[in-house]
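What follows is a single structure, written as structure tokens, with notes after it.
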Amino acid sequence: MTEKNMLLALFQEIDPAAQAVDKLRAMGIENEHVNVISGTPITEAMLGRPHQWTNVPRLAMGGAVGGLIVGIFFAFGTPALYPVYVGGQPLYPVPPSIVVLFELTMLGIMLSTFLGVFLDSRFPSYSPKVYVPEISDGYIALLIDCAPEQEEEVKKAMTEVGAESVKTAEVQPL
Amino acid sequence: MSVMAKPLAHAHGHEEHDHEAELRKEHLLLDPKPRGEMNAMVMDMMGGTTWKFWVVAAIMGALVLWGLVYSWGIMIAQGLGLAGVNQPVYWGLFLVHTVFWIGISHAGTFVSALLRVFKAEFRRPFTRAAELMTTFSLAQAAVMIFAHMGRVWLAYWMFPLPNQRQLWPNFHSPLMWDFLAINTYLLSSTMYLFLPLIPDLAMARDRSTGWRRKLYSILALGWRGTEGEWTHLRHALNIFAFAILPIMFSVHTIVSWDFAVAMRPGWSSTIFGPYFVVGAIHSGVAAVGMVLVAVRAFIKNMDYFIRPEHFDALGKLMLIISMAWAYFFFNDFMVQWYGGDRWTDELLHFHEAGKWGWIWFLMLICNIAVPWLTLWNKTIRRTPWAMFIIGLLINVGMWAERFIIVPVSLAINRMPFRWGDYEPGVEVPIFIGSVAFFILLYMLASRILPLVPVWEVQEGQMAHSIRKYGKEPVVTVSDLE
Amino acid sequence: MAKNHNIPEYKAEWKAGEEGKWGMAIDMDICTGCNACVAACAMENNIPFVGEEDAGYGRGMHWIRIERLWEGKYPEVKTEFQPVMCQQCGSAPCEPVCPVFASVHSQAEKLNVQVYNRCVGTRYCANNCPYVVRTFNWRDYDRPEPLNNQLNPDVTVRQRGVMEKCTFCVQRIHKAQDQAKSEGREVFDGEVQPACAQACPADAIVFGRIDDPESRVSKLAKQGRGYKLLEDLNTLPQVTYLKGGSHVRNG
């Protein structure tokens, strides 16, 4: 979505917002032309919206593998690069290596999960975007991308199901 | 997890209406406020700083300068001779305080991750307060580790960095595992603090001006709250809540291995891992209680978010954890006592009847007697000042436990000619400095960060309702996540 | 009797890399506790003088100490003297716990060596040493004139914050090895003497190759009077104490 020439319908309650989602679909506006912005987490199922795809769990798995590889390098690679013998222990001791592998795998999971949120949400992005501060006061905003000739019709329909306001969305600095 | 079950309605005989009103007064999550109002309350907490705040902050700052800059600086310049360590007590209060601060840091994770995993709803208003504790007390633990080192300016040699000598650190060493575990934990808990903070930072951004607006804009990263952003965040928080728990357990287990893998009477114990973890949670949850009392007393609007029900729930947790600690302590003590090893016998005798015997008894009184004699009582659990004192005493007890384990146990070894004693030196001002640093960081953070996770409280209030079961109004929680 | 193969046979043995090369035998029956070894060691190895107060507080830095142990009750008292220094364990507990490899096992000398330059001062090695023989530089101790002229140029002077311990006078071992090499021969028994052995008026400390069965130290260790300190810990110490002979000791 280019976020231009869009309508922003503001709802205070979840039920009218869910109705609005149905209504838009009935009017022939595809799911991908509607975006939902909310101040509290609202799952797709609550609004009858399609399932949201996220890469975060996959990235976390990738991070686990990456962390494990770094751990293997620490536990088995560094003693090979510079062998130092201590306390009659073998050069590649198993129990201490397990500790190293565990910590670095976990660190890999955590870092990649954190970075995953950044990547998937395209953070940080400080460019101005469509937004109204009421959203963090608990309002639910529907961003509707519709053809100019449909605009009036959509506005009317949104007001009917109980939108607080429907207006042309304005970009504002975040 | 029966402790986490919420107290259900019990009083009959009143009118239904009263009963419902009572329930709402008791439970934050049944006493919803409009989001806008709640936002305003949280914004109000961060502003309106009085001159008293700055006086206290200045005192804390002065203590930090005295303890961490002046005293530590002199010690770095002149050597560890200024501290109380000697032969054979090579480790003293610095390591006691390292374990102490790492122990306290466990509470944040315990409260926000374990209680999140088990969906213990009472956690919601104070997860952030607890997570802040985790991050700041880990910073203090790091200060203590650095203070402990003989040549702190070479501390970076523990980093596995390629260098011209091609030397690598020793991954056989428990201190190296510690280094990895504490770094993992510090990074993870900081990220875990930051992620759920983003929506609240966006909230703060939307209703502030000037430098605050600029700061929150940068920190909120451009968060709007789109479906996608929430989905990514929810998944990430879920992964964090589950994955940070084994990290938390590993950190204190590895700290315990610093002692347990050593070839020393009293230290070489297989139960030290879980014993230390439980001890860490014991001191940590008690510290959360203390922080909540302080925060509720000194920060505006907090008495809406933190209610007697929360102290009640924490009190039950503290009681259970105290029992678990006693169980592990006795397990360790019994096996050591029964084993009959000559040196262990000497050590146990020294613990109880030696010069520091009073600390050993102090440990038992504060860790077992105090919580067991008080926390069964609901009125005490719901009285904030009483919970503060109990939390403080538990932390004194856990400090005493670490004091017994580190310097007192080091005084006795297998070469009786080289038995010794320990008198703290410059460790004391450095510890005072680190306590002041912790308080100062917390005070400053309370001016900048929303101390209550507004969206999590809202989510909880959405999920909670009162349902009539027959004539009885009962609390109902729906699983929204 | 038929051998029961289900029960493993125990045989104490050195694993590869742990077997000793240089070793010591200390005859407790003839040690008089005169402390000459302690003084000689301090001179040889540039051990700082920590002053009365620090010494009294347990910060004396001697690499070797004479443990004076009393037996019985006054007036029926017997004294025993036990010189204790680093036992150069084959399986040393101090080594694996160092996070930066400052305490390592020398593969060439089969000695437990401390790398002063690498030490960051965590003091874990000292805690894990069952013999409590590691000493720490709690401060930078000064050597007032003319004591600075006494410093041994063969031995590094250590900075504050660094752990140190007995090296078996490794600088003397190397000197003897270099000498022997330049003369195209092996180091002969008795050629290397650490400062403590050299200074001992009673000749109670004997140093040499324990991997050579013909050396004096090996023969003494095999006499039947020998034992090791805290042998049950399996640290494989390379110092053998001799006791229980027919000599009548003082006291």
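Should a chain be cited, it is by its letter among A, B and C, assigned in written order, with residues numbered from 1 in that chain.
Keep in mind that, in the parts below, a contact is a pair of C-beta atoms (placed from the backbone, for glycine too) under 8 Å apart; a residue touches a chain by one contact, two chains touch by 3 or more.
Quick caveat, the model's predicted, so the values are computed rather than measured.
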| item | value |
| --- | --- |
| Most central chain, judged by mean C-alpha position against the global CA mean | B |
| Remotest chain, chain A as reference, centres from CA atoms | C |
| Chain A and chain B: spacing of chain centres that average the CA atoms, whole Å | 30 |
| Whole-Å gap between the CA centroids of chain A and chain C | 64 |
| Whole-Å gap separating chain B and chain C, where each centre is the average of the chain's CA atoms | 45 |
| Contacts with two or more other chains, residues of chain A listed in rising order | 84, 86-87, 89 |
| Contacts with 2+ other chains: residues of chain B | 167-170, 172, 176 |
| Junction residues of chain C, two or more chains touched | 93, 96-98, 101 |
| Contacting residues of chain B [partner chain A, same complex] | 34-36, 39, 160, 166-172, 176-177, 180-181, 183-184, 187-188, 191, 194-195, 199, 202-203, 205-207, 217-218, 220-236, 239-240, 243-244, 246-247, 250, 254, 455, 458-459, 462, 480-481 |
| Of chain C, residues touching chain A in the complex | 15, 17-18, 90-98, 101, 103-105, 107, 236 |
| Of chain A, residues touching chain B in the complex | 35-44, 49, 52, 54, 56-57, 60, 74-75, 78-79, 81-82, 84, 86-87, 89, 93, 96-97, 99-100, 102-104, 106-107, 109-111, 113-114, 116-118, 120-121, 123-127, 129, 131, 133, 135-138, 173-174 |
| List of chain C residues in touch with chain B within their complex | 54, 57-60, 65, 67-69, 82, 84, 93, 96-101, 118-124, 126-128, 130-132, 134-140, 159-163, 230, 233, 235 |
| Residues of chain B touching chain C in the complex | 78-81, 85-91, 148-152, 154-155, 157-158, 167-170, 172-176, 179, 258, 261-264, 410, 413-415, 417-418, 420-421, 423 |
